[in-house]
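By letter and in written order, the chains are A, B and C; residue numbering begins at 1 in each of them.
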Amino acid sequence: MNLRRIGISLIAPAIGLSISLIATAFILRLIGADVTTVFASMWNYGTSPRAMSLMLNLATIYFLSALAVSIGFKMNLFNIGVNGQYVLGALAGAVVASNLTLPKAASVTVTIITAMFVGALWAGIAAWLKVARGVSEVISTIMLNFIAIGIISYIIVRTSIGTETSLNIRGTKAIPETGMLRGVPFLDPGTPIYGFFFISIFIGIGYWFLLNRTRFGFDLRATGKSATAARTSGVQSNRMIYVTMLLSGAVAGLVGLPYLLGDTGSYTLQFPTDWGFIGIAIALLGRNNPLGIALGAILWAFLDISSGQLVLEGVPREISTIMQGLIVIVVVISYEVVRRYQVKSEQTSVAKALAKQEVSV
Amino acid sequence: MSQSALAVELKGIWKRFPGVIANSDINLKVASGTVHAIVGENGAGKSTLMKILYGMQKADEGTISINGTNLVFNSPSDAIDSGIGMVHQHFMLADNFTVLENIVLGSEPKNGMRLDFAKARKQISDIAAENGLAVDPDVLVSELGVGDRQRIEILKVLYRGAKILILDEPTAVLVPHEVDELFNTLRDLKKEGLTVIFISHKLDEVLSIADEITVIRQGTTVGSVNPHTQNVSARDLAEMMVGNELPTPESVGDTIRDEVVLKVENLSVFAKGGKAIVDNISFQIRAGEIVGIAGVEGNGQAEILDALMGIESASGQVYFKAEDITKKSTRHRRELGIGFIPEDRHRQALMLEAPLWENRMLGHQTREPNSKGIWLTPRSAKADTKRIVAEYDVRTPSIDVLASALSGGNQQKLIVGREMSGEPKLLIAAHPTRGVDVGAQAAIWDHIRNARQSGLAVLLVSADLDELIGLSDNIKVLLRGKFVADADPATVTPQELGTAMTGAGEAA
Amino acid sequence: MLSITRTITGNGDLTSTVTIAQALVFASPIALAGLAGIWAERAGVINIGLEGMMILGTFGAGWAGWQWGVWAGVLAGVIFGAIGGLLLAVAAVTFGVDQIIAGTAINLLALGLTKFLAILLFTDAPGGGQAQSPPIKGEIPTFTVESIVAPLTSLHEKGIFFISDLAGIVAGLFYNMSLLTIITFMLFVMTSYLLWKTAFGLRLRSAGENPWAADSLGVKVVQFKYAAVVFSGMLAGLGGAYLSIASTIYRNGNTAGRGYIGLATMIFGDWRPGGTAAGALMFGYIDTLRLIDTGNQNVKGLILLGAIILFTIGGIMLRRNKRNSGIGFLILGSVMIGAYFSATSFPPEVAQVAPYITTLLVLATASQNLRPPAADGVPYRKGDHH
């Protein structure tokens, strides 16, 4: 039965990928590009050691983001506020780290804790609004995203925390080298893979254990499957909402750190601010399952990195965005179709098996 | 009478669903101007058959004739057009709409594009007056009680000019006194020339109102009897329905001990507007005692149970043995050894899209064999699930199947088995054998009785008056949130209980 | 309350003709989004994808508008929005995908698609760029009733408490009133009538209250849900088109969350057109003040106004015996008063986030006692009823 289940789980992403490829090929033909050269050049570049390292780095970021979203999803809580949570977390982390003079392990740890704390705090606001005032967390987290951007803009542009960095961009003071987590040049000598890559793997494993092997995880999944049944079974829904959102926010706070500690060393106005939404898409793709999310993150990062090549072919690189969007929609629909089929087929096979039992008795 | 006096004739109806045959070779003849009852056990296929007759489902094989003409129904509108009206067991009413809106939905009187509210109001008042069904068309349905809602369902059907009424288990939520009112209405309708088809499993009621009774067992028609011309008893019908001897729940003896397991003092639950749904009740249950609560649905039973489990907030005191658990969480109460079989198993007792063994853990996830400390122990949980499946005769090929794949009766058996595990000291059970087939029902009663022998205290809420009388040591009647009477199960009759449950015996 | 604020701050802009007129322009897209939300949710489908449908609308208007003129832009905006709605309907109604997930997926897709197409189609177009379209040709006709506006405006300038403010507000209604705003208003009226006074409306709402009951009475629930969701997309698309036309171009990110703010106005309005319009007007007003804020004075005025409103709500809550909420609001009000008096001017970021904070406050007050359609958000499958 289990092999069958795995097989069925892979159908939806496979369908999604295929349809997306076909649609993209169609669009490429429409704009006059040669399909095979485009795909080939993406593939060739994408599998070069340098590109693969970049890809793993980006995938780390996406992985963390999707993980944060998943914690909420598993409980039917929609934390769309990962954007706001991670930028605030990254800013806080940058400020703290740039003022520390501790040895590397300590400095990085403090930075991580700061970022997680700020992210959790920001998510906590949405949790409070939901529990105390019944506000939908979908809307409140989105509003908080916008507010976060305002706060950051204010802090960097108008307070002394923001200074002129090199290249005439305003940002935080640079983090000393002892506070950075640069990483290991694994595949390509010139491109280190973020130290955070390895940390993320641990976080992923921890997530799996938490969700599937602890009482808390059971409570969380039960609430997601049936909030009323969970309540009857002793789960306190308000407490669950708080803990889950705080946890989600804490993980979200980490999302900016791989880039901050592995690359720039300073939070500037140029810091990317859309990794949260990407996390949502990947969480949907990976069905809230760490392995699925990891694969999804790698796929997404691959598309992002390899499409950088396309400028040379005269194709806007945003073609990858369309591919990604299509994958999400098709996969999400396919998952639902597959799930319904699964439920029905189980009902049928159970009935059949029982009938057989009765006959043999 | 000639054949054309048949209001409804079904020939050779078959209906299959994935994995189960709901109707096989059903043949039914209903004469017009009569009340025709269809009886059968839960799960025998009665509801499916009626859905086919009403156009909500399509038969795989067979024909339907209405007043002599063969017809095909593709949707309820087709059935409505041919004069059939269905009064559902689970009322299909939109709470946020008014009575008027619910009645005219789908057949609205129009003035151009505009809904003609005035015309609708007049039409409804006329029909209501004709048939003695009083309603206020502008009241929101959410404010109405069960009896009123049923009246609206009947009005809905009459409004559309139905000449053939199908009533699906109409007395499931009524007590004898309200049933009499309903039957008078049905007799009036019969006088107006309407035909009534009536599904039920309450045999004595059926015998008092029906002109003809058809028995369905396991999806097929077993036979028809005419109570006016043939000497038929409820027992005869029951045997036709079940095919073998019936078990009866009978209390064994005195198992009651001195220790008080549950003590409830001045318990009240208030609704949003301040009205008391549960009004200052007090009672206690001793070890080895089963206390039953009799009452029409909606008089506060669900709220009492939720309050006792800590799911609803309430005022008053609740003591478990010596401990005051009034403010304690649901989890704490369960950990003390309180088992709970809720009324709505799909919403409160199961995760439908989770395997059986995870469902076994639900409600008990903080104790062995499901967990140790903060870690879950799936292996021992799975092993224990297998034990429950064997002991409670849960029909399933494995413990990995999803709960939704099991039939309602088997789901219930799993739930009962789960709640009886871990040696509970107190069992709070709402309709514990609802949907369970007769054989398993007897087995569950045995489990409960055995546990009682060892000191289990039970609070039993049930709509099945036979179950209530048969299992309880002591029955309390609940009306509008208050206990209004005590009954001795050894001497009380269902009729007497029913009167107390509706307050019909109270002085004006 | 506005009058009190104006007098204290001495800021005539708060109730001037121009401000009010502009507020209507800003309010309309949000109002349309809120109306779109009503249509979908009254039929039982939560439409989180409003933002995406609005984005599609802004794009359609920009793309068609610069080539063929303003009305082509409107049409294209509506059609693009409808396509978004159709996608949601297929995913959520036919396939039963969770409505919030489907809506979010549509937002993602819309974002990516429009960015891509903008680069493709606008980069080489005259006056356009990678992230924006060339200017839309033509203008929507506007109306000004001089005979009303002129005398009232001068009345406003006299600064008389309350009467001047009223004059300013009324004058604003007749000044530069865009045809699109009038269309929006008519759509609201039409919705009120259609949904609550016709059989069509009753059936549509029944799909959101109890689709199984409706089905048992022969109502074609799935068709109604489709119609409602597609129409919802059209309205959102119209709102997006309005945005583009008002800014004369399509620009990436022009919606800035207005789709979600529209949802908030819908909740605030208890899923009815009247309340939704009121909420949208409030947002439009705030948006306007922010934009025409030359001396950063408007924001101060807004904060004072906000403080006064918070105090009022706090008072009401205390009278209703809701101590905790009442005290909470009073505290917030005091904070704002403190802020008002302590600073001479506020950084523009405060104005920037004002709409979003307001949304949160609005939802925090309003969310508790509302009555959404009973089957809102519930996936419906024929014959599914327990």
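Basically, a contact is a pair of C-beta atoms (placed from the backbone, for glycine too) under 8 Å apart; a residue touches a chain by one contact, two chains touch by 3 or more.
Nothing here was measured: the structure is a model prediction, and the numbers come from that model.
**Student:** Of the chain pairs B-C and A-C, which one is connected by the greater count of C-beta contacts?
**Tutor:** Looking at B-C and A-C side by side, A-C shows more C-beta contacts.
**Student:** Compare the CA centroid of chain C with every other chain's and tell me the farthest one.
**Tutor:** Of all chains, B has its centre farthest from that of chain C.
**Student:** List the centre-to-centre spacing of chain B and chain C in whole Å, with centres computed as mean CA coordinates.
**Tutor:** One centre to the other, that is 46 Å.
**Student:** Distance from the CA centroid of chain A to that of chain C, rounded to the nearest Å?
**Tutor:** The computed centroid separation for chain A versus chain C comes out at 30 Å.
**Student:** In the complex of these two chains, what residues of chain B are touching chain A?
**Tutor:** 18-20, 309, 311, 329-334, 340, 342, 347-354, 358, 361-366, 371, 374-376, 395-398, 400-402, 404-406
**Student:** For the complex, give me every residue of chain C touching chain B.
**Tutor:** So the residues of chain C touching chain B come out as 197-203, 205-206, 209-210, 212-219, 371, 373-374, 383, 385-386.
**Student:** Report the residues of chain B in contact with chain C in the complex, numbered from low to high.
**Tutor:** For chain B paired with chain C, touching residues are 54, 56-57, 75-77, 80, 86, 88, 90, 92-97, 101-102, 104-108, 110, 113-115, 156, 346.
**Student:** Could you pull out which chain C residues touch chain A in their complex?
**Tutor:** My answer: residues 48, 87, 90-91, 95-98, 100-102, 104-106, 108-113, 115-116, 119-120, 256-257, 260, 263-264, 267, 347, 349-350, 352-353, 356-357, 359-360, 363-365, 367-368.
**Student:** Please give the residue numbers of chain A that touch chain C in the complex, ascending.
**Tutor:** Within the complex, chain A touches chain C at residues 31, 78, 80, 129, 133-136, 138-140, 142-144, 146-147, 150-151, 153-154, 157-158, 277, 280-281, 284, 316, 318-319, 321-322, 324-326, 328-329, 332-333, 335-337, 340.
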